[in-house]
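Below, chain A partners chain B and then partners chain C, in two separate complexes.
Coming up: the complex of A and B.
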């Protein structure tokens, strides 16, 4: 088994008493070398999870290990792009890239940064850039750092489809060439579908689905047929129209395809079904399960 | 600028981020030094011309034409002295402005606008980020205030003035020796702590200006008590030149100290009677001779540095606790 890019154990984060908990008892493991979609509704805890992994926050409970060490120790090997794409407004584009080189002297890759920042006006002040241009510059800084793990919080939200496609291509090339792990959060799944081979669904501060997208899809089925008992399968969501039953189930044994019309759900169907059914149990594939805390400490 | 290019990553980025502030501050410092040199040369020239005229300011020359000459000379020298005092006042205000700048634009603004998320996720730890934000202004400000206060000292003592500045006058004491450096470092560290605690640019700036200003005023009022004063006593006091009066009052036969206010509003003729009624047999004066200059300077500087060390330690601890 390859090393873990992120491993969370009982991770919890509370921002003071009034604002409640952003994460609670959150445990999962993300193997290295994956492109992971971190999805969930607004306020699910996605940004908090990324900020904890980036070492910007200290968890109030549990622990998170990144690339085999603490987030603070792994700082030079992680790139993080926050949702609001913070950049120094008084610097120019060229100055910002220069600052990237100054602040990451050991790993800075000018060519990688220029591949993304190339189309930007080099002498423009950051404060005059559009949302899409800011995203481009923030991603250029992240890529120029040549990290082992990229944490991107809603990276594509400000981009038009054409640019989104192009930048996704650059990120994919990065992964293919250097084996970089990428975690991208979004509340719009279709934005990431197709690009990601790993999935983390976060809701209410917990991981509800985690693992290889294919394995998660394969673990579920949409059954259509006459109303009858669905046991032994776990029902995520079911709907009856007259005597017709449509159910999205988690398979707990062989499916009786004489009784049911069986199809594989789309990723979007699967996620929406889980979001609509908060009582459905969590599913983590073996690669996404955090080792017990003692094992982590021993390792 | 060649020294700046030698600074490493985060420090160079701080310099680049705030280069306009640095250019303006550097320009003002240069202008001030140039102004002081011009002022010193001008006052030396005026004093020379007056000496050559063989007139005297006390009218002892008996020459009526000299009255105008002497009056012009005194006016000029008074103006120059006032200008020196203004520069001294600006130097005293500098730590207060500095702490506001460090707390607000330099630190709290990054925390308020979220650019800390960029700064802290490069290969530089938050601790080094803060260290750069302390080191750059510390080096530049210590060098700048050092040059300006040395120029001021030189310019002030360049010529024999009819309005000499006394070593213990607030504006002189505050801008000579080591206390100015102490106030600069204190202001810097308190600014950093408040910036990290408050995380709102304007609030941090205002709070930091208030705290540093209050500490500056407190030291100006209390600094005479930071070293035990010398005392003279007797029936009539032999008052020396060039001393800092701390406190004066009456002594009773038993050695008890009475306030100067006792018998203060009694007429001259009734005073002896009043003294006798209160048992006053003599007077005392607590004062600092000029030799106390360095002990007073060093004690004040030491207290400021200790406070600065506490503030900066707490600031780094807070940062570490927040980010892990």
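Coming up: the complex of A and C.
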């Protein structure tokens, strides 16, 4: 698994002049076989990024390649579940699954679809389903397609904790068995922690953090101690209370642990610190850096 | 599918202990207590993640660590199997050690120490005795 599932180069998207840019100069690479959390505040550009990768939108600048080809060429190998779970309201659950099988004859995995859609009333029309049931059906279609890349926009938002845990388990089992790459967007990080091993933090249309969650965490430290100079480390966020300084820094060389109490931040602390500090520089680990366009063409 | 796995893992996301380490520790605990015996199959990555919704690579990382320590072995296409037990001989079949500790604990209590005091004292001695050992 050395290929890239997604590779974006200078990707930009503007929805008309008034609304400004949803994405601008967005460059990153997502290696295949990863489970990636796409996080960021509301309006950060997460949904736009997923729709561009799915080939549903055309970028206004730059390019995005998916599974080594254009999103349109890769469409049969991608499953995309949009935030509003678009399904045909007049079809029944059974009809919808039948259509999924008909539309994906080469790859349809009925057992995988049934594992997720099993508890749904098969004869119920889609328009009578609850939000959570619709999510179940949309995920059943996505899994039944047996894609190489799943793009899931806020997939778990309207599910109760029990179902959320169960469906996340089904998704993880799919990855364990088939090496599927998954990108899941959310603004609730705890929902993704533990399941994801890759992270993309998008804010203001740009990627601010990208790479293996472990490596990104290991690149930072929380320092507590007496107020003093934090150089040479890059300060993401710092707070002074009386004589005590608490800082989340990006390490630039060894830490003086005689001067500081050093701990590793949690993923949540790290993301919140970055969101509170828009001026903190972006960090992409080597695997998350997009190659220059000439290299892509040469390769 | 082969016969079912001998244990299942419980993942506590709030514990602050890395998830892969929780799997390593729970496996070792099961080995110590004799819940897992040589020849037993550990659950597959698929079984673990389906039940716990954690990342499959985390399970594989834990199993690699257990393999590195010689406790389990991966058999291609079959699964991961227990190779040996872990110190359970002394824990469960050495009554003298247990009896001495029980006697010492009684004396500590008689001397006016409460449970937390005893625990703190024991941990302190434990730490200084095993200081410098790997995995302590």
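Basically, the second predicted complex is superposed on the first by the 298 of 299 C-alpha atoms of A that agree within 3 Å, B and C clash if a C-alpha of one lies under 4 Å from a C-alpha of the other, contacts with A are read in each partner's own complex, and residues count from 1 in each chain.
Definition applied: a contact is a pair of C-beta atoms (placed from the backbone, for glycine too) under 8 Å apart; a residue touches a chain by one contact, two chains touch by 3 or more.
Treat the numbers as computed from the prediction; the structure is a model and nothing was measured.
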After the overlay on chain A, what do you see for chain B versus chain C, clash or fit? fit
Which superposed partner A:15 touches (first chain B, second chain C, both, neither): neither
First (chain B), second (chain C), both or neither touched by A:106: first
For A:71 in the superposed arrangement: first (chain B), second (chain C), both or neither? first
Going by the touch definition up top, name the partner, chain B or chain C, that contacts more of chain A. B
Once the two complexes are overlaid, how big is the angle at chain A between chain B and chain C (Cα centres, nearest 10°)? 140
Considering only touches as defined above, state whether A:172 meets chain B (first), chain C (second), both or neither. second
Is A:197 touching anything from chain B or chain C once the two structures are fitted on A? First, second, both or neither. second
Tell me, in angstrom, the smallest C-alpha to C-alpha distance between chain B and chain C in the overlaid model? 26
Can you list the residues on chain B that touch chain A in the complex? 9-10, 12-13, 16-17, 113-125, 321-324
Show which residues of chain A lie in contact with chain B when the two form their complex. 51, 54-59, 70-72, 75-76, 78-80, 82, 84, 86-91, 95, 98-100, 102-107, 138, 141, 145
Chain A contact footprint on chain C (complex, rising order): 11, 13, 19, 44-46, 49-59
Where on chain A is chain C touching in the complex? 35, 165-166, 168-173, 175-177, 190, 193-197
